[in-house]
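I'd like to ask you about the structure that follows.
The letters A, B, C and D name the chains in turn, as written, and every chain counts its residues from 1.
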Amino acid sequence: MADVCSINNLTRCLIEGGMNPGLANFISILLGVVATATLPLVTVIFLIWVERKIAARVQDRLGPNRVGPWGLLQSVADALKLLTKEDITPLGADKFIYNLAPIIAFASIVLLWAVVPFTPLHVGANLAIGALYFMAVGSIATIKVMVAGWSSNNKYALLGAFRTIAQLLSYEVPLVLALIVPVMIAGTMSLQELTFAQQGMWFVFMAPVAALIFFIANLAEVGRAPFDLLEAESEIIAGYNIEYSGFKFGMFMAAEFMHAFTICVLTAVIFLGGWSGPFVHELPVLGFVWLGLKTAVVYIFMLVLRATVPRVRIDQLMAFNWKFLVPISIVNLLVTAFLLYVVRALGLTPAPGQEYNFVANLPQTIVLFVGNLVVVGVVVTMIRNWARRQRLGEEARSLALVAVEDENPAAITLPAGH
Amino acid sequence: MLEFNVQTLAFLLFSLFVLGGAAGVVTTRNLIHATLYLILSLFGVAGLFVLMSAPFLAVVQVVVYIGAIAILIVFAVMLTRSMTRLRDLYNHQWAASAVVAVLLFVLLAVGVILPVWGVNGAQTPTEVSDVVADTVELGKALVDRNQYVLPFELASLLLTAAMIGAIVVARDDE
Amino acid sequence: MVPLWAYLLVAAGLFCIGAYGVLSRRNAVAVLMGVELMLNAVNINLVAFWRYLSPLNMGGQAFVAFVFVVAAAEAAVGLAIIISVYRSRRSVIVEDVDIMKW
Amino acid sequence: MAVLNEWAFVGVFFAIAWVFPVLPIVGARIFAPHKPNPLKQSTYECGVETVGDTWVQFKVQYYIYGLVFLVFDVEVVLLFPWALAYNQLDFFAFAAGLLFIFLLADALIYAWRKGALEWV
């Protein structure tokens, strides 16, 4: 292995080749960064095509099919078109931060890729606090919205920005609460070690509720359907980026597509075992393939969701978060903490050295899974009771209306208290 | 003195962010710009935390200050329409304040920091350990009955109380 | 490694700039921003002393975490008060709110 | 200093992440036409002339959401070290964490009952 100069031992090779250690280190870091950061950029060009194609199929259309084979080069053509479009800056705009906003938008998404583990050996930065890094970079997204909305000097942009910020802030709460669960199970925040911990059993089986909440909250963070009301044309024209044109608008759009892809990767890493799969330790590059497959499954699920679900209203959006997702994620956190404690007290955790064994992980997985099922069951029952009460109330009201009509057909009024 | 390496370079860069951002905060008329300067300054503080091997605090700094407090300040600026009536930036005592601030800095630097912890100071740490407690240790310390469990619970209580108080104060009374 | 005094100097500078902002600005929101700067200067000091003097004792980090909590509570309540004052007096200038003064 | 090496990667990543979006924007400045006129540059409000300040009065409800978010965010962030050390904690520490979460739930219940979570 010492003779082969691969990316894994590049630093050592360069030093042995007579280079200054500091410089060699820097060069290997730089190469790693460029490789990691270019990957999402290249992928997103392809993914826009995938998205348009799938949306078209769901809606019984053909989708892009003119530029290149099967329309594959459509995104490239779009990018070139945006590059030659005039870039208009509104007169009242705050020039510097107006130009800064699309850059922040794009950079904040690229930054997420610094901690994604691709294979057992290839990871950008194996930060010990990787999960929180993800949260921190995510919170920069609110800054970009605020800056874009404010600097455009447009009422619609500002209103859209405020709505968007309210949405992003709200959905960050269930997101973090759901993220605590895998951290608690694995006892680590490093994404690479979280993946290692899932070699025996994926966390989606140990914490299905947390996985679902994580995915839904992330959908809202990206602003994907059914949570895409930050670009609701009917209400706020196009949201915070209304005054942007040309490639600056393209930056916002590319950032959104990239964000959507990135959250699929992170869902796959945190809950679906990341690169773990058969033969991954014999051939590390295989991890890349497994990760890609899992990401693709999540991504296609998201696309079908986008093509089939209607948009929610803003009061429904807020109520759904604060009165449904947040309470459930708190209860889920409590239940998981309690069950983990019980599991450990009963000695159902895998014996040392058996952590990556599927069978050894089964007992605790079953306990946690049943616990999650109970949570879901209770929630579903509560919602059904609530809905029944609502329905009975509606029926009683309409019956009262009919009764009033029968007694005095001339005076059709709503019953008192309405 | 400062030796020249990557860490020193990063330190100087982050210090520039911190102090430059802070100077922007106190001198800018436009409050939204001031908030952006505040974000820059707080980001620099997060960078300094990373250099001091406290990555958890650095990330929390970004999440709490930049992600939440800065946004809250923007909301407050918008709600109070502070942007529309930009009157005088400073009050009548600004000159005295500037003198006080500069004097305080000189006093701290010359009187306390350099003699006590400076080069050949009275209590300059001679050798700095490379072993640093990590976040797991922090987690244990926060809920250890002999350490910080009481402040930990009180923190939760304080935040709950602050939220209740702020909601009561900020809402329109129907 | 960067010496301890360098961090302390930066923290002292940040503290003094923040203090200047608090003492001289007229807008209440700007005053609050100055307070945040001062709290951050304290945080730098706490972390620096923790790192250089007792990196195995968790006191420094735990204290910074509690400062975060207090800063958040302070910002939340302070801004709420400013909004409330604005509603009743149509002003966010600190000197205009002098009803408690005599 | 292995930890700082990982962060050096993030630092370089940070620099590169800013370069990526700046390049095409500068490129667009070269390729794109640039013929501004006042009509083009006016504020786009569906063809209607813009009236008054852009800084309209906002609802206090936005601030309330920000407030509730701030409180939750800080509390949850403090929970992370606890969750991280969870596998090594005794019953007392476990109970302390649960009490913390209960207080968090308490705040939510208060805000809910007070009607602070309604979008009005």
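Simple rule for what comes next: a residue touches a chain if its C-beta (ideal position, glycine included) is under 8 Å from a C-beta of that chain, and two chains touch if they have at least 3 such contacts.
Keep in mind it's a predicted model, so treat the numbers as computed, not measured.
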Of B-D and B-C, the pair joined by more C-beta contact pairs is B-C
Counting in whole Å, what is the centre-to-centre distance of subunit C and subunit D, each centre being its mean C-alpha position? 21
Distance between the CA centroids of subunit B and subunit C (whole Å) is 7
Dist(centroid_CA(subunit A), centroid_CA(subunit B)) in Å evaluates to 30
Identify all positions of subunit C at which a residue touches two or more other chains, and write them in rising order. 65, 68-69, 72, 75-76, 79-80, 83
I need the residues of subunit D touching at least two other chains; which ones are they? 3, 7-8, 55, 58, 60, 62-63, 66-71, 73-74, 77-78, 80, 83-86, 88, 97, 104, 111
Which residue numbers or ranges of subunit B touch two or more of the other chains? 6-7, 51, 53, 55-56, 60, 63-64, 67-69, 71-72, 75-76, 78-79, 81, 135-138, 140, 142, 155, 159, 162-163, 166-167, 170, 172
Please list each pair of chains that are touching. A-B, A-D, B-C, B-D, C-D
Of all residues in subunit D, those that touch subunit A in their complex: 3, 5-10, 12-14, 16-18, 20-22, 24-25, 27-29, 31-36, 38, 40-46, 50, 54-56, 58, 62, 65-66, 68-69, 72-73, 76-77, 79-80, 83-88, 91, 94, 97-98, 101, 104-105, 108, 111-112, 117-119
Any idea which subunit B residues touch subunit A in the complex? 6, 32-33, 36, 39, 55-56, 59-60, 62-63, 66-68, 70-71, 74, 78, 134-136
Would you pull the subunit D residues touching subunit C in the complex into a rising list? 60, 63, 67, 70-71, 74, 77-78
Sort out for me which residues of subunit B touch subunit D in the complex. 6-7, 10, 50-51, 53, 55-56, 60, 63-64, 67-69, 71-72, 75-76, 78-79, 81, 83-84, 130, 135-140, 142-145, 149, 152-153, 155-157, 159-160, 162-164, 166-167, 170-172
Subunit C-touching residues of subunit B, taken from the complex the two chains share: 2, 7-8, 11, 15, 18-19, 22-23, 25-26, 31, 34-35, 38, 41-42, 45, 48-49, 51-54, 56-57, 60-61, 64-65, 68-69, 72-73, 75-77, 79-82, 87-91, 93-94, 96-98, 100-102, 104-105, 108-109, 113-114, 117-119, 121, 124-125, 128-129, 131-133, 137-138, 140-142, 147-148, 151, 155, 158-159, 161-163, 165-167, 169-170, 172
